[in-house]
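Consider the two complexes below, in which chain A is the common component and chain B and chain C are the respective partners.
Take a look at the complex of A and B:
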């Protein structure tokens, strides 16, 4: 097929202070073709799509549509060039009706008054074309996620776009709803629409996409015809061929006593999670984005609600039932959102380090003992080699690596026996990454059980004694610490058929 | 190593560096007002008038230092003056009927604290919006006070009530000492106890606070109770000063004054920063702007406009600071 691309994005670059979001990214989509856009978190997919949507102005690069160069300065420009987005269902106006949501970006009017009849009729027509018979005067908040998705698609299609971008459309859909969505995508392809399909689920793109473009660190690293690639190759392209680095921790020779036992945990997307952790071991929670790995970690300590399941924790030499909130009082947690959930940016490094230990620093009068607090801060700053001008330096002014050390240090001060680390090295440079990983290994050596999430298998391979593999909210496999990179990759790119009896 | 070199110097630099500049602006404004008064209305500085200003400041100041912890934790308590009036009316009715003045004072303080706690439960445990909850509480408290008193002010307290509360030590009335004590105690609580630290943390980032095991609900709830407690103390002192209690004591204008005192005193309306001391200084500024510009022959209406402009200026400053950080 040598047909010229309908949409062509060439050499697009975009830098923000301190971060390069796009590095000469290229993307081509032909008429009647669906191109999957894949990449790990922060790979640049969103920025690239924001450029296409007229939301972000690129620093360099060009876009041509149907052979003629275009400039997309505003969202209106994008609309005028026939570009439409199907967002995740979040972009809805929940208390308004289906028809109003479909026409939210421009109500049909008669003499300046919204023409309800026309709006309802046109909305119904659009929905029928999507094979969906929703009453148009229902409030969107009463619909399930699948129907909401249909309303979102109807909204995108009402101006008969020539280019449609689907942004993770299936993340909250049931199987049947997904089938219906795939049929719509096929229908659009038959009508000659160019489709960009963003997803984290590798298996989906083999069903409905014709080609796949993979992004990594702001670059489009490869484009493959679907027929000529494999799930494993795509995952490998997404994650790159980083050199694995030396192993930082010996595999725990003899794991200690059982510390935590989780059984039948359900909640959100999590289904029937069973596993256990032993003292002194580092367990890698391995899965792609959207697999439920973050949700599992949050559910364990009550940051996300759980519907069912039991947690048992070792106290006084026997396993006893605990609630997630109680586990939170025991566990140290580093969430993936360091600035949003980890640190109090305007406060001093010292105040951030002492926050979880204040009650152990009190004078008899109930005041915080400044000397003890300073001692705690100085000790952690020294032990973790945190680079600060002093413990009074505002934590928001530290580098990413030092900020992360502050988050970890805060928990070190509480001497937790359970550590939950979600992407602890995200956004850090190579040196800082190694330091955080070494710290993790030291924690386990001191007898803590560590559960760690990373998007980079080579990082996990440097420290983990064991892996739990997650996919679509379930634990699908357990692997030993000796698992190779290839084994890890194929464990998450394979369709989840193997269910381990963990 | 850099870490150790900086530590001694940072200890001197103050614990919450950068925030101190806020107090500077408030102090500077205060100085400007005083200089203007000195030049244009030297009679302001008569000892009697100064004492009078401090007494006026003490009621607004007490409510403002109670509001400060709430605002620092990212909330707001619009019910504080109405709450104060309801507490005052309840205690006053008890004393009018011949009740013991000590118990009467306790009724005022406990009633107001309970209303504050109610706000806290609604906000912290039920997840309701502070602005709406406390606005509603304000209406309920005012309604209850009017209903109880039939809009008539309650007076006729025992002499011992006045004797103690209107006493002067070294020429300064008791109410001023109460404000000073409140500033010292609450100031220490905010800067030196886990409770205070938790409120700052919640105001800066409630999600991060939660992850860091901060008892977000309990601390938030307690902040509203503190505001209620301060409203109760204000009720006691103001009833004594006015010689009566009425539903009108906490009229709507007072709410604006309390919030303004905090904002002018550098307590951020976005939460997460500010000082109790600042709120008290802010109360002094607002009192001067409200009651003493007339010494300059300024009309009441121009006075209102001046006050409004100053408040808007500080809100703008607050917004600018927030954007800068």
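Take a look at the complex of A and C:
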């Protein structure tokens, strides 16, 4: 390539206490070119973009724009250098109008009074250029997600930026809206704008990007021209070549009776999900971020609404219809968000362990029996090998792995027959990961059905008896526990060119 | 949509106006004296201090914050102004300036605690509500302090048929409404009420704006305190007591969301204050038990809040539905 890069980020590093977020990351974008930035969760994409947006100050590294070095200390600096950000979580002000939202970062005024007429006219003009005809005095809260995205884009493009960052712009869009967005990106490219396009959807980048830079663990591990790479190669670069570690559980030779049956589940991005879980079985829900794997788990327990479909759960030896809310009561749930799922960090390990089963600890007077509580805590601490100085130690002072064990332990005390695990090992060290995986295997041996999500195939390969593969809100394949890493990777990167009938 | 559905929607969107008209009609029919022109002018007079204070508070609420110290601020500011005149012989204009400055200063203190120290606004102003009243009680020794001759007459100043303070209060509410709807400051306050994080991400100086809103709230509380003192002709230990909750009720009943970012200040403050004044005044004319006022206004607040909850439920349902042009 002969043309010099318009934006060049070189050797950027950033460390937070205990975590290295960026390790000498490099990124170059030329005028009129869209570069895809890909990477698994936590790969450092957000940090890198926050550096470019002036939100995060890097520890080392340099940024040049159009050949001259720049320092981006604040969001205003970034704006002044022609950098615009289309945020993933839309930065919308719901009760305010379309025009006000477009101009929220700088209202036009005349004699100190906001010039509503100019604002509406210019906003309308911008939106028409984006190919959409929204009334500019409509409150944004009355718009659908696609139109909101357009408002956000209009705001970003208002100052005629030279560099535009799209952060997962299509995650909430319908097919038509996505087409419209792609046309906008193509238009920007024709105008010579440098574009950074972040997405989890591998197929999209082959459609509108010219090059792809892949990040992993804070480093930019590879840059390829789109024409010279393949979806499988990109997924392989994103996930790396980690060794899989030995298998921790034999494949269940004969699974037990059917426990949960899901048929025709639709809701949010989920379409026609059918599957079933058997007692004693560990099923890996495998898919890239944005495939709908977390959404499926949330829909099962009523955290996201379901539009259609049926759930049936085995109670008293037969499958009976069950509501997501009831399933929420039945299931043991562990996610990567240890705080969000209800660990009370300032409280003792004991209090956290007993929280889900306080009813069984009551004295006849309705008070909590401290001896029983201590007995329960001691038992779980022993069984799960939780490393604590004593059951009174505050959970907030435990390591991540031990905190996660407390979460699992809390559920163990209620003896659930269904476990839903969403990235249960995220952020844990290798040893703690193995322990959590062993624990998962033990849960299944004890007769529970386990549905587990992980971004790391080698982790799933150590415990799963079966895989459900998800892509774009659908179950696209089922694979046996003997599937190889390569098979798993190609299952999610072979993008079925299905135009979903939205 | 069925005609019943349309009626329901209309009532939901304009329920407050309907109730206001009904209350007005009720008292007009069932009392002989309520509708007299003198009484209407008296009502506008009586609600002036409350309107002024509510207008300032509305700015803070628009940003999603709360200031329940306004009653105590009004008390301290009025005390400072009055005592300067009676004990030190200050000229009235200087005393007025001192009262307003005192209000702004106390507002700034609230703003400082909220913005710099990061204390929750409700807790902050609950504390300062108690503390400021203590300051005022100490200044006045909890005694009634009459305004000096020559100043007291200002309480009866009128322009045409209206009392002067009615016009001052209306002018202030109009100005605050303009500030809210038509200036960058106002739009940014609304943006903060919509989502503080979003406003920050867009690059708005959130802390500075919230601080200024508290200062304005304090200053306008002082104006309200001064108007109230002029009406009575003296300050007493009870001045402004409970006014903070009346002010919250006024703007909320009028349609400003306590979560911030929604509502029109002009109509909320004027109609909200009018509603409570109608009930108070009308019940008087009806010869009702004076304590009935509290029960009735409580019921009105509840009804308004329930309508608001219904409205936002409808709004949520509308947002959850597929966007136009899809499907």
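Odds and ends about this structure:
The rule is simple: the second predicted complex is superposed on the first by the 493 of 502 C-alpha atoms of A that agree within 3 Å, B and C clash if a C-alpha of one lies under 4 Å from a C-alpha of the other, contacts with A are read in each partner's own complex, and residues count from 1 in each chain.
Convention: a contact is a pair of C-beta atoms (placed from the backbone, for glycine too) under 8 Å apart; a residue touches a chain by one contact, two chains touch by 3 or more.
All values reported here derive from a predicted model rather than from experimental measurement.
The superposed arrangement places chain B and chain C in clashing positions on chain A. In the superposed model, A:105 makes contact with chain C only, not with chain B. After overlaying the two complexes on the shared chain, residue contacts for A:225 are found with neither chain B nor chain C. With both structures placed on the common chain, the touch criterion links A:80 to neither chain B nor chain C. Contact with neither chain B nor chain C is seen for A:19 once the two complexes are overlaid on the shared chain. In the superposition on chain A, contact of A:308 is made with neither chain B nor chain C.
Once the two complexes are laid over each other on the shared chain, residue contacts for A:128 go to neither chain B nor chain C.
In the superposition on chain A, A:146 makes contact with chain C only, while chain B stays out of contact range. Contacts of A:446 after superposition: neither chain B nor chain C is touched. Superposing the two complexes on chain A places one of the chain B stretches 145-153, 163-171 or 289-297 into chain C: stretch 145-153. Interface of chain A with chain B (complex): residues 303, 328-329, 333, 335, 340-348, 351, 355-356, 358-359, 362, 366-368, 374, 378, 381-382, 386-394, 396, 410. On chain B, the positions that touch chain A within their shared complex are 2-7, 9-11, 13-18, 188, 192-194, 197, 200-201, 204-205, 207-214, 272-273, 325. By the touch criterion given at the top, residues 75-76, 79, 87, 91-96, 100, 104-105, 107, 109, 112-114, 116, 141-147, 174, 176, 305, 502 of chain A touch chain C in their complex.
Those residues of chain C lying in contact with chain A across their complex are 178, 182-184, 186-187, 190-191, 193-195, 198-199, 201-204, 261-262, 315, 318-320, 322-326.
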